[in-house]
Amino acid sequence: MSLTIQALINGILLGGVYALYSAGFCLIFGVMGVVNIAHGELVMLGAFAAYWLFLLGRIDPLISLPISFGLLFCFGYILQRLLINRVVGAPPIMSYILTFGIHLVIANVALLAWTADFRTFAVPWAGTSLTWGGLVIPKARLVTFVLAGFVVGLLYLLLSRTRAGRAIRSTAQDWEMARLMGINVRAVYALTFALGAGVTGVAGSMVSTFFVIHPQMGLQYTIVAFCVAVLGGMGYLPGALLGGLLLGVVESLCAALLSPGLSVAVTFFILFLVLLIRPRGLLGRGMLE
Amino acid sequence: MNLRIVIGLTSCAALIALPLFFGGYAIRLATLTIMWVGLATCWNLLSGYARYIDFGSVVYFGIGSYIAFLVMARLEQSFWVALILAAVASGLIALAIGIPTLRLKGAYFAIATFAFAEALKQVALEWDNLTGMSLLGGSHGATFPINTSSAFFYYVFLALTAGILTITILTERSAFGYALKAIAQDEDAAEGVGVNTARAKAQAYAISASFLGMYGATESYWLTYITPSSVFDVHITIQMVIMTLLGGMGTVLGPAVGAAFLYLVSEMLWARFLYVYMAMVGLIIIGVILFMPQGIVGSLRGGFPKPHKEA
Amino acid sequence: MAPLLEVRKVTCRFGALEALADVDFQLREGEILGIIGPNGAGKTTLFNVITGSIRPSAGEVIFQGRKITGERPYRICRLGIARTSQIARPFPGLTVRENVLIAAAYGKGLSLDRARSEAGEILTSVGLGAVADLTPTAISPASRRRLELARALATGPRALLLDENMAGLTSGEIGEMLGLLNGLRERGISMVVVEHIIKAVMGISDRIIVLDHGHKIAEGRPHEVAADPQVVVAYLGRRYA
């Protein structure tokens, strides 16, 4: 029984991790309709940012979060302005093949620069856990979980309460109309992509405190972000929390109760079924192309 | 007699005679080039003509591989039986999966096919653990009986690739080809002029799946050793996508040109400079998308334009 | 005589919006039926229901004595109902001829060779013979409307649904289009014509029905409908009052 409860807790915490690094993916898809296959590379860059800042500057990843946010924000802005802007509104295949190309370039340049070594680094507090009646809660994951709720909430508020957020939302609904109303659509897209990249960088930094990092880690993160986005409803931001939690819990329970290998299969079958039965996500709030 | 037929017949004769004059590395290179030309051509049939982007095509390659393994190693039947069963099984599974999945559009179809392929890979990995049988070998892999004739595999791949290319040429010249192109451009309008879109898509999907199954069966027999991770590898799908895109989607020659080009470049580069090569492929993809979205053949010929955005 | 096409108590809801409410009408053999109504009256939705691209919330559509509600659009097309869209939607990557050819091959079930010659004849008959080998993006908007009509005709329809086929045309072009439609009627094709250009639709229709907010508010001969006070208020008011 306590095994199941522990698995449930692990799942919820893992779900927080998933939600945190999927939020940017959902935001970008929701606003621009771009499926960003280079998403995992943003996670990877965020992770390496935290790694080098810790190694070279002895900066605690929690302190360096704003720095990774800033770095990835700028990177995302440039990427969008230079490349991705050119395929917004083109047939969707163009966007995923373009971002796949970007994925290859970033991942392999990173391999050249940083080698294929698996890296970890020990932040003193991150290795410790809270224990309570035999249940274990790793601190780093707890922080990530809280951060996930915080980031999704903040993005949500930003979209619903601020002027920039209103511009983003109206562009998402109908960019031609938005342009007629005097919104600079290119700037909105660049801002959206930069924001999405920034929060993904934050996620990457957090991930680096408890997972092994390496230049080729990206694709698996992209895949999970896909799953989360589909479960929660593509482009529906609060759905990222729901999708992440659900995925985390299902995976963790499957791994604990059935077999770790099977949990991946179960995840993908659930994804496949959700797409067939509820393509707008479990809450039915996502968008269709 | 027109020039195209002369060129076609000459190159056929040259391809058939090749193993008589070359051996070893040259034949291996030719065999793999022909295989990739065929795989990209398979992908092109649905994804190039009808623009249903399949990110899980490798699943039929993997299914074909394991069917061949079961038939040849477990049931001790001949390769030909395995080849036919691989085609039939892949085609039928493709119909069962395709009919619901092909209702999805755009990224949703791409993600669903990808998810199905990954799920099946995990099932193949876990099957033995789960059922307590020792059937597929899981991550330990599966071994085939050995056939050392490299000319044999060269000819099988040549025949398969000739087959799928012929089907593509016939498609291009038939009402079916027009139906697929119409689906790519405006599916509702296609349905509105009497095209049974669901059926046309499922047909293209199943034909390409049967061939992929046969390619999987043949390559596995050639390599003699497979694991779920090797025959359900997502990179096989990605190669098909990139080769087709590079050469030109929805054209007969595009995927062949793209596949031959990319495979030969990779053969020259990647053994020595893998990461540089992969980064370069990435740059090529970005360049193609930005500057010649119709691919090599499409750009030379003016191909058929991008489908317009749905209203 | 039984009507060619009959719409029975069709209701169509999208969430809270009732796009069509209990709409009935009949199209007789050889008839041209006009449908008018302000924007958002449900005219296009009605066409979508008849051609099977939208399933109605209630009610049914009968064609040649057979219920067709719930059939897939391509089946309905092959049974003999063709439509043109409000916004011309040719396949942009195919030539004008190929656009029509595919309709003849699939909608009418002809072999590719026969479809090709059929396409040639139809294009000549609508006056597009000279541009048959151009792409639809290279021809004028008025010609694209004719292409839309040609493509619908190539499916061999008994009933033709025309959705604002004359919008945006000059008065000369409207005259030519009306001539074409009269020619089709003589060949035994029945038509439902949705049109904003009142004069055109009044002139060509045998009967008219008026939709307003999804309800049928009037039906009759053109002059009767034009005189109906309810219609004048709902629709014609601004122009005729």
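A, B and C label the chains in the order they appear, each numbered from 1.
Methods note: a contact is a pair of C-beta atoms (placed from the backbone, for glycine too) under 8 Å apart; a residue touches a chain by one contact, two chains touch by 3 or more.
Since the model is a prediction, treat every value here as computed from it, not as a measurement.
Averaging the CA coordinates per chain and comparing them to the mean over all protein CA atoms picks out B as nearest.
At the far end from chain C, in terms of centres built from Cα atoms, lies A. Chain B and chain C have Cα centroids lying 43 Å from one another. For the pair chain A and chain B, the distance between mean C-alpha positions equals 31 Å.
With centres taken as mean Cα positions, chain C sits 48 Å from chain A. Contacts with at least two other chains are made by residues 307 of chain B.
Taken residue by residue, chain A touches two or more other chains at no position, since every residue touches fewer. Among all residues of chain C, none touch two or more other chains. Every residue of chain B that touches chain C in the complex is listed here, in rising order: 173-175, 178-179, 181-182, 184-186, 188-198, 304-305, 307-308, 311.
Put simply, chain C touches chain B in their complex at residues 51, 53, 72-74, 77-78, 82-83, 85, 87, 89-94, 98, 101-103, 105-109, 112, 115, 135, 151-152, 154-155.
Taken together, the chain B residues at the contact with chain A in this complex read 51, 53, 100-101, 103-108, 110-112, 114-116, 118-120, 122-123, 125-126, 129-130, 234, 238, 241-242, 245, 275-276, 278-279, 281-286, 289-290, 293, 306-307, 309-310. The touching residues of chain A, when paired with chain B in their complex, are 35, 83, 86-87, 89-94, 96-98, 100-109, 111-112, 219, 223, 226-227, 230, 234, 259, 261-262, 264-265, 267-269, 271-272, 275-276, 279, 288-289.
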